[in-house]
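For reference, the structure is listed below as structure tokens.
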Amino acid sequence: MSASNTYQRSDAESQLIELRDSARQVLSGLGLAVNEEKVWPIVTDLGWLLVGVPETLGGLEQGVTGSCAFHAELGRSLAAAPYAAATIAIDAICHSTLANQQSLIERFATGEIVTASLAESAVAIASNKVTGTMTAVPSADKASHVLVCVENSELVALLSLNQPGVEITARQTWDTTRRLFDVRFADVALDETLTLASGADAKTLSSRISTLRDFALAADAVGGAEALLEMTVEYLKTRKQFGRPLALFQALKHRCADLKMLISSAEALLNDSLSRVGNQLDGAQAVAMGKAAKYLACSVYARVAEESLQLHGGIGMTSEYPCHLYLKRALLNEHLGSGNYELDIADHFLS
Amino acid sequence: MSASNTYQRSDAESQLIELRDSARQVLSGLGLAVNEEKVWPIVTDLGWLLVGVPETLGGLEQGVTGSCAFHAELGRSLAAAPYAAATIAIDAICHSTLANQQSLIERFATGEIVTASLAESAVAIASNKVTGTMTAVPSADKASHVLVCVENSELVALLSLNQPGVEITARQTWDTTRRLFDVRFADVALDETLTLASGADAKTLSSRISTLRDFALAADAVGGAEALLEMTVEYLKTRKQFGRPLALFQALKHRCADLKMLISSAEALLNDSLSRVGNQLDGAQAVAMGKAAKYLACSVYARVAEESLQLHGGIGMTSEYPCHLYLKRALLNEHLGSGNYELDIADHFLS
Amino acid sequence: MNSTVDSNNLREEVRAWLTQNVPQDWRQAMTGTDQDAFVKAQRDWFNKLVAAGYATPHWPEGWPGGGRSLADQKIIYEETARADAPRLILFFVALYHSACTLMEWGTQEQKEKYLPGILKGEIWCQGFSEPNAGSDLASVKTRAELKGDRYVINGQKTWSTMAQYADKCLLLTRTGKSEPPQGGLTYLLLDMKAKGVSVRPISQITGDDEFAEIFFDDVEVLVEDRVGKDGEGWAVAQSTLSSERGLTLVELTQRMRYSLAKVAEVMRERGRASDPAIRKELGALIAKVNASCALADQYLLKRISGTEAAGDASIVKLNYARTLREFTKLGMSISGLQGQYFEDFTRGGSQETGNWTVDFMNSYNWSIAGGSDEIQRNIIAERMLLMPREPKNWQLS
Amino acid sequence: MNSTVDSNNLREEVRAWLTQNVPQDWRQAMTGTDQDAFVKAQRDWFNKLVAAGYATPHWPEGWPGGGRSLADQKIIYEETARADAPRLILFFVALYHSACTLMEWGTQEQKEKYLPGILKGEIWCQGFSEPNAGSDLASVKTRAELKGDRYVINGQKTWSTMAQYADKCLLLTRTGKSEPPQGGLTYLLLDMKAKGVSVRPISQITGDDEFAEIFFDDVEVLVEDRVGKDGEGWAVAQSTLSSERGLTLVELTQRMRYSLAKVAEVMRERGRASDPAIRKELGALIAKVNASCALADQYLLKRISGTEAAGDASIVKLNYARTLREFTKLGMSISGLQGQYFEDFTRGGSQETGNWTVDFMNSYNWSIAGGSDEIQRNIIAERMLLMPREPKNWQLS
């Protein structure tokens, strides 16, 4: 009714939408669940690892919202790339006080792989030597370095993976679109030129890292869920039973509508949280927002994947058809990250 | 394929079916949610309180299965009668070593009301005097006696409600088909001629009483859920929208089918448990079975009531239409009984 | 001028005003009291808001506090929710439905005749729904027969919010005969005191009566009180229905968010504050409630930016109804047996009656009224996912 | 003779025999091994059961262990589940579907030709389902053309359990042209080694291949291998499908019940044994699993007593599928990240592969195959609740 309702998209928003659209085009050209060998060169060539990096460090300044847009696109196409782990590590470098920040970012954004854990780690430090195990580390076999958060957040550092005392074990998951590894350290010496933060700064940075991981998993889930529902609806429109397209059956329509609503809610929460936290990812509030976004998106993704499998009927149960790839990625997403999400959210609220 | 598959209904089974059918006929003649003044004389005149009582004590020897069939019928018709509480108390008398068993049963089966708590009580005994509070005691204002299980199961007794130190407070519930009371005792003397069990016997009897209560609530829930689903399906067949009966919409059909399946499962569990426990209601196994039957039936009832309210649309939200009476009884049923059902079932299984 | 600074100023101004002006005892005044006390409490609060310009920020400039952007209106609603101020339920139809319909479709004479009355506190109700029509607005049967300079109305409306208190009514009638269902509808402004109008409150399952039936027995309405042309009622009704533009759901979701503290409260009261199973449920609920808020906010943004797509509104409503159900159910479940005892509750308190069991029952208003969940699912499936519609002539064989 | 005593005797006898005879290492022998090892393990177990008379208690007297009542058969299944013995999945079609169909419809010659082979270990498969036919059996398109003394078959079947191992096939074909869908079907017995038959295992999402596609390219079957008359295939297929009479679901629900201990096991392994939220979920699951057992038991009783009603079977199956989903999902969820790592699992282990994630994926076999959950809901709504069927000519408008 009022005349004063105007809204202008900012330049940054417009740029991000362009970036995302072109990413979607590139990825859909590659096809679903394309392997790391094919995706990674594209990721580095097109500078996708620089999306969230500040302009002052040679990046596109799109912040976490920017990298999440790409996590969603990679989730949508089920791409097998260590993009999430690498962006988390690069972000940590950006937020360190390291002197050689810029050169490290250049190395890791253009070819050399840096990775990080997508789950929990139990790594301790004693006499400047690191011991312990990191789980769910993507592409550790090809990475030169890994981001390590030491227990109790005393220290955040990069460790070279090509040195004595490092043992890398492949852990095949049901989700074949990810290549995860356990990384074990036995008395591995720290390289002080790769220490990102220590003391109170390390606590802050650790908290940022885990929030970022939660947002990355949430975005992957939202992208995957959206693509899967589209695929399922298309299937129902095509497939006929009793002489009618399945999409005409109201019971199935209503289930798809519910899924659409759930995905929209997870997406809205993710976007809202990203815009609220901005670049401030380390406070208790931001951590709780990351956890809520991750919990909701991943549980919605699993729900969409389970329903989609049922809605596809027999064909969804065959390995030829990609429905199960989404299911397995969704199940893995639910179990990545750390802690008991629902409890942590409640704890923060009640504290 | 084999010829040797024959099955004959026993005389007791046939008799129970007859009893139940006639009860249904009587109750449906009275209409839904008819008040206590109208139902109670029928309950006593027709001897329904004697269904579960042994023949040796003048009963119909139909056991717990028998009384549960009547709980289900009363649940179906939303009858406002202290039938469950009275049968529990009468059953306790039957399983006591009281000398005047027979005369007490006659009194309570024919007019004088004995009641019991349908929830938790906190009643302690000191120097032969009883102090504490019983909650959710039906029709305590009209009853002459109440069944009391003292804390830690030291004693099970009947207490006269017409004596000093007894305070009866009406607790109006959203469920208007039940009239519940709090009963407070302040130093009320025990009448030794009304002590049903003490010591180890009291533990056994207390356990029987709580199992019986669980089965009674389960049966009420199964009966109510069945009647409500029938009502809802009838409504959907009658009501038209967009020129078609609602019952033609597949999304609604599928939801009704799910409810039917859930009710069948709760009913099957109840019947199976009753036939397994027989008259042995006091062991840990029987207690766990009672809890499982109560938990499943009451949660299914609540689910059916919630869905039925939605399926009825606007009319279900009006107080004139009986849909909400089932909802409120279902919600109350979920909160009657004692303990945390799911946890107790798991505890028993894991022990 | 920087709009963020501007918004912050408004936010602070509203917040300060609310601190001063929200009656601290409004819940008590509206709990366990009769209808008159309820109406008086609503009217007092309405007068305060009108005076402060916070009742009509959505009206054009020139009216009290008018000419504000949707973003500013949102701030006012958010702060009202945050301050736990009463909802203006008795005046909502007048302030939004009636005013916006008149602004868009009314003649100059109609505006002059009706708008000032709204600010003075005239209560309006909506006469759209009919018995047995459910969510199917096109099946309106109430007849309006044109006789000279007036329409003569016969029929019945139902589920009209607070119609028993209303002075005026937005009435959707059928004048045409053979047109398709959406055609042949005509939109009238009715005086509830007119001869032949009778109102019967609907007794709800909570014992409250927020809705009423309206009966028309040869009721006369002058042609000058028709909005739009004869037969144009469908289009006019659409703008009535979209008049609040998503603000209501912003308000309601914000209120739900602020009410999460009440779940914590009942957990403490019932000794369940450290029960991990309940805490887990609470954690899941917090995420869902925040998502409902985010959805409503983003929907408003879409309306502001003109990027709303078919089905968007259905998603917000379906999601709110579901979250509200889970929210009230958790509160009720934690309340245990205690929650099943009857207690007085805040009249017209909608989702915040102070009684979890009433809130739970009221939550069905949102999944049934204003287009049931089932209708929203149809819309999402057909208009958003582009799944085929059921055939028109689909009849029982 | 008292039947309870009788039953107890059988129960003890079976239990004792199983204690002696279930290969203790059968899981290891069927985990991470190739197909041959799996077939050998199945065959060894089959031979033991046949010798003991526990493979064919449902065959008439005269056959090994034959002539037993359904109640006795149930005891054998219950005890097999209790002993965690392997399921005879490779021979199930032969022992039930083929045998019962032959007993009911077969000629004397057919019985003599085929039944002894079954006891010797011939493997049968079922050729009913077709691509794009889903749960709609009446839409069989595989053609059988009568040419002299033989049928010539062309077409394709799918989702045939273990067809890659099968010696023989129960084949449903279309011979008629213009009859209604259920008419025009003809039931044949096919030698899987016949010229023109080719089999392609279906690679499942678990990596297992319990099912296969079968292709027919001018395959010839003699008229003497037809069961029932030409065009009578629908009726014959119905008795094939109902041959196990509910026993399978008794067995499966019992196995699920005994597997509840595995949930407790994974809780301990993952340090969640005292987590109240998980314990609560376990408690709810226990009630549901016991209810599934009770439903299956009572369904069998109805079959025994001839009181089965329309829809009863659908309720049992729909309920089992749902409970199995919840059961496997809880196990998977407790397993945490560990459960998402690929591990070898017991081949053909169905719901008890030793891997919760595989069990969870396999649970969809029960909600999709053999009439999907959606079909079961249609049946329950239409045949049990007597809600109207969708019109026959309901087409996209």
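Order as written gives the chain letters A, B, C and D; numbering starts at 1 within each chain.
The rule is simple: a residue touches a chain if its C-beta (ideal position, glycine included) is under 8 Å from a C-beta of that chain, and two chains touch if they have at least 3 such contacts.
For reference, the UniProt names are A, B, C, D = Acyl-CoA dehydrogenase.
All figures in this text were calculated on a predicted structure; none of them were measured in a lab.
Enquirer: Taking contacts as defined above, which has more of them, A-C or B-C?
Expert: A-C
Enquirer: Going by average Cα coordinates, which chain is farthest removed from subunit A?
Expert: In terms of C-alpha centroids, the chain at the greatest distance from subunit A is B.
Enquirer: Approximately how many whole Å separate the CA-defined centres of subunit B and subunit D?
Expert: 40
Enquirer: Which integer distance in Å separates the CA centroid of subunit C from that of subunit D?
Expert: Roughly 54 Å separates the two chain centres.
Enquirer: Among the residues of subunit C, which ones contact at least 2 other chains?
Expert: As it turns out, subunit C has residues touching two or more other chains at 276, 280, 374, 377, 388, 394-396.
Enquirer: Going by the touch rule set out above, which residues of subunit A reach two or more other chains?
Expert: Residues 245, 248-251, 253-254.
Enquirer: Quick one: in the complex, what on subunit B touches subunit C?
Expert: Per the touch definition, subunit B meets subunit C at residues 119, 135-136, 171-175, 239-245, 248-249, 251-252, 309-310, 313-314, 316-320, 323-324, 327-328, 331-332, 335-336.
Enquirer: Touching subunit A in the complex: which residues of subunit D?
Expert: Touching subunit A from subunit D are residues 129, 132, 134-136, 158-159, 202-205, 207, 332, 336-337, 339-342, 357, 361, 364-365, 367-369, 372-374, 377, 394-396.
Enquirer: Which residues of subunit B touch subunit A in the complex?
Expert: 249-251, 253-254
Enquirer: Where on subunit D is subunit B touching in the complex?
Expert: 58-60, 66-71, 100, 103-104, 243, 260, 264, 273, 276, 279-284, 286-288, 290-295, 297-298, 301, 303-306, 311, 315, 318-319, 322, 374, 376-382, 384-388, 390
Enquirer: What residues on subunit D touch subunit C, complex-wise?
Expert: For subunit D paired with subunit C, touching residues are 275-277, 280, 388-389, 391-397.
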